[in-house]
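Presented sequentially are two complexes of subunit A, the first with subunit B as partner and the second with subunit C.
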Partner chain A sequence: MSGVILEADDLHLRFGGVQAANGASLKVAANERIAIIGPNGAGKTTFINLCTGYLKPQSGRVVFNGQDVTRLSPRAITRLGVGRSFQIPQLFLDNTVIDNLLLALSAREGSWSPFTPMLRHPKAEEMWALLDLVGLKETGNRIVRELPEGMRKLIDIAVALALEPKLIFMDEPTSGVSSTEKFQVMDTLTRVLDARATTAVFVEHDMDVVARYANRVAVWAGGRIAHQGTPEEILNHPEVRETVIGVGV
Partner chain B sequence: MARQLVFGAALIAALAVFPLFSPWSTVILTVALCEGLAALGIMVLLRAGQVSFGHGLFFSFSAYAVAFMAAAKVGHEALVLIPVGMAASGLLAAIVGLFVVRYRAIFFGMLNLAISMVFFSLLEKLFSITGGADGKRVPRPTFAGVEFGREQFELATFYVTLVLCILAALFVARYLLSPGGKALEAIKSNETRLEYLGVSPRKVLYGAYLLSGLLAGLGGAIIALVSGHVTPELAYWVRSGEFVFIAILGGIGGVAGPFLGALMFQIIRGYAAVYAPETWHAVLGVMLLVIIFFAPAGLYGIVAGKGGKAQREEGGR
Partner chain C sequence: MPPEMLLLAALDGLAYGSLIFLVAVGLSLIFGVLGIVNVAHGSFYAIGAYVAAAGVLALGAAGLPTWLAFPTLLIAAALVGILVGGLVEIALLRRVYGKEEVLQLIVTFAVFMILEDAQKVVFGVQPYFANAPMNWLGTVEVFGIFYTTYQLILMPLVALAVLVGLRFFLRRTSFGRAIVAVTQDREAATAMGIDAARVYLITFIIGASLAALGGALASATTSLTPGIGAGTLVLSFAVAAIAGLGRIEGAAVAALLIGLGRSAAVYFAPEFDVLIPYLIMMVVLLVRPQGLFSTVQTRKV
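Right, the complex of A and B next:
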């Protein structure tokens, strides 16, 4: 595989009696869109947590852009260019939507002058444009706590994208988004990712979304990859259809 | 915003002219402003959801630094002693902060309390150096090279304090709107996301702690000069508790809040000490209960039109 941006190699992690990662390995090439699917408890979110520094593996290693990041903090990994959105959106709920994005922008630019109000950041327009891109410009001045879960999900992703990551992990980007809007949301996201040449790995339960937006699918089971291939190969795989998708052959 | 600016200007104008008509109030108002500065420091930390029950440490450290320097005649000039006292407490905050910003919530509050009580004990026990419970006298220094009489010195100190309070409040207001100030609020809201923005919550809190220590130190340096005497009581936990009380009484929604709280605290203390000398603490307690139940955004919230029941949730957060 050429142009590997992230390589997770033989990750192991046990929580008490649960083997959350059991030899999980994945290579991600630049500009790929990899969907991770699998039943609940298969270790999908644990894998993201291991790759983004939230959890440390008991063995194995994670290499991003040629640098071993296995023992680095989430903060350090983020600074190297790995963004992340969460299954349950992690936002500053008492702040406005634009404040959330501007704080990400300030972190990215390292602009911490105590004399410049954040709203007057020289690149603030860029964040309004990003909000516009994800269809949430109207909500910019609203307090996040007042917004529905689906919108928070998108804002969470927008905050991660505001950092201009080279690679973004998205944990169930369409959960909480209505079924009529999920393709619209994913079309928008794909457009943004393409425009920024951002590689993406996303956990997803909706197979229509997987079929349409992933160019590779990894099936998680028991803390490791059980199968991987193109969406067509995986979604027609008899075992995957029976155990993951819930459709018998 | 316009209402708040008008109120701020009116408050400053009233403070500026009051001592001219009531010279007896000069020292009381100066003390209130000094306590307001320390409470402003508490307010900065409260924005991160952290409360310090030990800021008497920085208040007293700065006051003693001024007392020692004034006694040694190293810097027998008020305009030198104030920044030196403030810098001393800033240095102490820089050291203590390295340790306490690793902790949150009750541990943060109690660690601050514990460290301040260690300092209080040292002030009490090291009699030959600190004067023990009797404290140290602070000789009246010159002011801009001029030797004033007592009243002129108090008046000059008051106006310098008022100007310093305005500058401190303007700086803190600006800081709270800056990315650093927003990151500080984010510590209360969601540290996980802050980490995933590549920001160190510890560094953000450390910066705020330093600022907080400097503000308390500024108040302590001035109070040493205006009272002419420092005692270990400045480091006692009751004093630290008063700063928290003042911050909550005044409200943390705006930088005027701690100063309003400090003025109200002095008024209540003054009148209650005359009319209810045995129960004045109870009067303060009832006042705080009324604020918490009916105006959780504090006096500032009432003035800024944010103090009603609808704001209870916000004030409680």
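Right, the complex of A and C next:
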């Protein structure tokens, strides 16, 4: 495959008696939109955690842009250009939206200042532009706690995008989002990813979302990527329909 | 009761309250962020005082100009905060975060005992007196009463600067916001890549430096003897408890309350001198157990 930017190769991880990853491999090419689907509790988040440094595999390796990142810290991996958002947005609820972005940016760049006000961060304008791109410019000065879940999801993703990653892992970007907001969130997201030429890998349960927004689907089963292909191939695959999607053919 | 006495008591209370505020706000900050009640805080005050006094005496012995004593006080406080505070946090405290409170108390108490004896070894048990900075600033006359400029103006100004500076630092700057963020939600902070271990270390150093600054300022006004740390610690606990632990502005008001209460007792009912701060604390806690300025809240785990 040409233009591979991330390769997870034969990852193994066992917690106690659970084989969470058992030979998991995935190649991600530039500008792909890969959806990972699979049963609940099967370890899809574990796979993301392994790729982003939050967990270390017992064997196997993760290579990003030609560099082995398997043993690097999440911070180091983020700085290389791999972003990540969480299933439950990890935001400071009592702070404003723009403060969250600036805190994340300062943390990732290490650009802390004990003297100048944070709102005068040299990149504050860029963060406002990012919020504008996500369609949240008007909410920049609002407290996160007051905002609905769909917006928090977008803010969490904006936080991940603050450092201009080349690749972003998103853990269920539409979970907790109402069905009316869902497509809106995904449309915005796709627009932003396209605008920034960011590659994305996302875990998703909603097959409508998968069919509409992914250009490749990977099926997680038994601690590894068991099948992969275009959305059409995978969503019509009899075994996948039965085990993952939960409807017989 | 002569009105000059009342004025004198008020001025004394203001100076004393400023000093206690510096120590208590450091204690409160450390508790607010690290969740640790730091018994060794009194030692930072005492060591700050001794190091500052030693520095000022050395300046005098070397025949250097007296005004250099003021930067010396600041440098002494920062050095004690960074070296002693940093060492305590790195070597001991980071091993007990999140453990039982009893264990944390025992560890900080042990540090306090060790540092008390270390002071005697290093500085001896003879009183230290280095009042050159206070004399150099002279006196001011307030309604016919002469008062030292150092106590009437410098000490409250330093306390005010610390209050305003800390508020600005914690509310506006990215570094301060990161400290508050870690206090509110450690998980989210870690997810955003904020280095919580570093935040803890720096907070502890700031808190320890504030206690040392209190000691350094006090060193010019009083003679230093073993045991000064313990007395100040207990008073700053009272202030922090009255304010509600972790409240900065509250600590300022409570310190002023205790300072004024205590000096009123010294002038008008000397037998209650030691008792008054605790009476104030008791009354406040009976009415508002969470402290004057705290709102009851559950800490997010």
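Following the convention adopted for this analysis, the second predicted complex is superposed on the first by the 240 of 249 C-alpha atoms of A that agree within 3 Å, B and C clash if a C-alpha of one lies under 4 Å from a C-alpha of the other, contacts with A are read in each partner's own complex, and residues count from 1 in each chain.
The criterion applied here is as follows: contacts are C-beta pairs under 8 Å (C-beta built on N, C-alpha and C of every residue); 3 or more make two chains touch, one makes a residue touch a chain.
Please read all numbers here as calculations on a predicted model, not as lab measurements.
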item: Fit or clash between subunit C and subunit B when superposed on subunit A; value: clash
item: Partner chain in contact with A:P114 - subunit B first, subunit C second, else both or neither; value: both
item: Which of subunit B and subunit C A:N22 touches, first, second, both or neither; value: neither
item: Partner chain in contact with A:T52 - subunit B first, subunit C second, else both or neither; value: first
item: Touching partner for A:N31 - first (subunit B), second (subunit C), both, neither; value: neither
item: Touched partner set for A:T96, first subunit B, second subunit C, both or neither; value: neither
item: Subunit B and subunit C contact sites that coincide on subunit A, given as residue numbers; value: 74-75, 78, 90-95, 99, 102-104, 106-108, 111-119, 121, 159
item: Subunit A-touching residues of subunit C, taken from the complex the two chains share; value: 169, 172-178, 181, 184-185, 187-189, 191-195
item: Subunit A to subunit C touching residues, read off their complex; value: 74-75, 78, 86, 90-95, 99-100, 102-104, 106-108, 111-119, 121, 159
item: Complex interface listing, subunit B residues touching subunit A; value: 171, 174-175, 177-183, 185-186, 188-190, 192-193, 195-200, 317
item: Footprint of subunit B on subunit A - complex, ascending; value: 52, 73-76, 78-79, 83-84, 90-95, 99, 102-104, 106-108, 111-119, 121, 159-160, 163
